[in-house]
């Protein structure tokens, strides 16, 4: 077990967030069983007031998760000096089998937290809180994710063996190796690029459809998530080599460094926000038929869709520009 | 959207004025908060500075150090081993080094004695580190004596004092000519302390080290990268231990914050009651209170971090001096290069702002759900 | 806006040994643009009833409708929203926030609405002018006399331009001269089209010609309900 302030902080956060969610879910269970919006009883008032506490707890938990995702990557980056063969975060995540799952769980918790908060926001717009039982049942589903994240992360840090020689982005994302990551990097850049632009176009179409027909919000959300995943793959497969100007350097983390003008932030921040917003459209739009929610669905869902599409467009513009302005030429090799 | 922003601005306005109305209470909180940030940030910046300082120094050292082992112990290196190594591909330079320790009874401290053939020193001249110069009150041109291994005393003239750039390691250093070194420390001609090799391509280091152990089975290669790695984990670990020790302080602070947030005065309770009665919603009061926490946190964080920054980078970490002085008499004067690092800020955030916020959630919520009709009673 | 109460009940400390029924089945209609006074002995439930009408609390059972809308079952979040657009409150103890200036106190209820600052300032100043307080706008409220504090409280109640004004024992802290002055102000408000709802056991209030109707309460029930002309 390696003990550094950043690791302590990450463990502290995941413990605290788990406890916060357990507390919130305790209240949630009470609400699910006892809620009666038509009652004027004092108990109902107490429950109603607890919903404020639950939302507050979840908002902070979500913020903490977001910062901890960043810190996790930074920490992996900074620990790369402590492992033989590790040159960046990739190497540290490869120290044991728990590294990547931790990262993915953090991302999943982030997205489910965002989706839940959107649902919560929508429900608070309806004077009869029509989604109350649904949203608190869903909240109970997030708890195991958060606890899993805590456990997996703890294992990741606990089983860190500084003597292990790890494979880093050079070998992990090289086309010869057999890992999943290599599979991602080894995808023909031509195919990755095709998928990247085609899926982007499809998402744009589904967005336009949604905005004009006021239906298909869930399809839009699915497209958004798909584009998010494909964009990630595209970044590993062909965008990052162009940024590094090195045809075999596929790494999703090194682009966050100053040496590459922090290019990663310009891709990841809009990409994450856009995906969250698209997810929000999917969460909000199915409720247009509930009378007390109809007004805010009609008002908010198109807004989210617009914003999400704008940010996705930004990701596409950014990556296209990065590819075009790079001095790496792969004409004849990749296409 | 603009309405939302306007509303937040009103809330912040109100929060600021209510903070100012309760100066003494909030000043106390701010002070304690700032102190916690200051202590943690100082520890972080300081250990990080030590680590990067060590890294900078090691960056200039050779890639491989070869030591001879006899019966599992470090032994003198025969000069002929240099020839035995022969030509190894990728090695650009190889040479034997002479170094050792000298215990000075007068100051009760250890000096690192090193032969420096390339400094052009005569047999009666030395170059000393700034730490030695300080404890022995020496300047250039003064004289310093060392007792040799066979009981004789040799006196040297101080030709130069090493500048304090990298004082961390050079503080206790004494450089002399090879002959003077051998005469004082008693290592016979034909032996070195160890051999250092410079390698051009860092990727080849471990391959070369493997070849060396095959050629000279009684030697042990030490790689610079390995030392760096050890340093990294040792420093991170040390920092971690310090933080565990400071966890008590953070916990005390959290309890203090909880107490402050839940112990609302009658005055404050009445105020929240009035706000709710005149049309503020529970959520508005919550927002207002979190703005309050945010403003306090931000001020404390900035003030504490700034103070720690000044303390470590411009004040030579004076508050840590007693601790370090206990470790070594030749306490180096220490002027690390200032830096700010995102990971440190995020870590610090999780040790200060995050616990503070979590500790205040429930008290703030309790205050915000005051019955709006309380003021009518 | 017509306010309609239908068999309203309010029970405190439900299910505990000190359970207490403060309002026991009140049905009432309060017409718009009238001045109505609730009178009754101390403890008869006037304040409790007023706070339910003003969306400060919810009845245990029964229906309250405000115009078209049934407000008795609404969660607090929405009650507050209706309250701040529809009601202005004047409290017995004025309840101004110490340490803030008169102007800031007046603008407080408008903060959560996010009203543009310029417009809000203008309106606040015009209110202050109307009630003869312009001179005091920057003074802290601790300096005010009882009558001035009362008028500041009225300005605050008016800042969101509510349709209905609710005053709980507004004259309890005033001498008889100031009480009569207050009734004059109530008359002005009535003339300008507001609905006013007052509780009081002060004869200056319920015998005043300004009052259109007096509802007498006893032990949480309506005893007498008579129009005054």
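Annotations
First chain written, first letter: the chains are A, B and C, and each begins at residue 1.
The criterion applied here is as follows: a residue touches a chain if its C-beta (ideal position, glycine included) is under 8 Å from a C-beta of that chain, and two chains touch if they have at least 3 such contacts.
Model, not experiment: these values are computed from the prediction.
Arrangement of the chains shown, judged by which pairs touch: all-to-all, with no pair of chains left without contact.
Central chain assignment: A. Criterion: smallest distance from chain C-alpha mean to the mean of all protein C-alpha atoms.
When chain centres are set by their Cα atoms, the one at the greatest distance from subunit B is C. In terms of C-beta pairs in contact, B-C outnumbers the other of B-C and A-C. Taking each chain's centre as the average of its CA atoms, subunit A and subunit B sit 34 Å apart. Subunit B and subunit C have Cα centroids separated by 64 Å.
Note: centroid distance subunit A to subunit C, computed from Cα atoms, is 50 Å. Multi-chain contact residues of subunit A (touching two or more other chains): 49. Counting partner chains per residue, subunit B shows two or more touched chains at residues 282-283.
Counting partners per residue, subunit C has 76-77 as the residues that reach two or more other chains.
By the touch criterion given at the top, residues 2-10, 12-13, 16, 20, 49, 52-53, 56-57, 60, 64, 67-68, 70-71, 74-75, 77-79, 81-84, 162 of subunit A touch subunit B in their complex.
The part of subunit A that touches subunit C in the complex is made up of residues 37-38, 40-43, 45, 48-49, 124, 127-129. Residues 2-7, 10-11, 14, 17, 21, 267, 270-271, 273-275, 277-284, 371-373, 375-377 of subunit B are the ones that touch subunit C when the two sit in their complex.
Considering their complex, residues 13-14, 58-61, 72-78 of subunit C touch subunit A. Those residues of subunit C whose C-beta lies close enough to touch subunit B in the complex are 47, 50-51, 56-57, 76-77, 80-81, 83-84, 89, 91-93, 95-100, 104, 108-117, 156, 160, 168.
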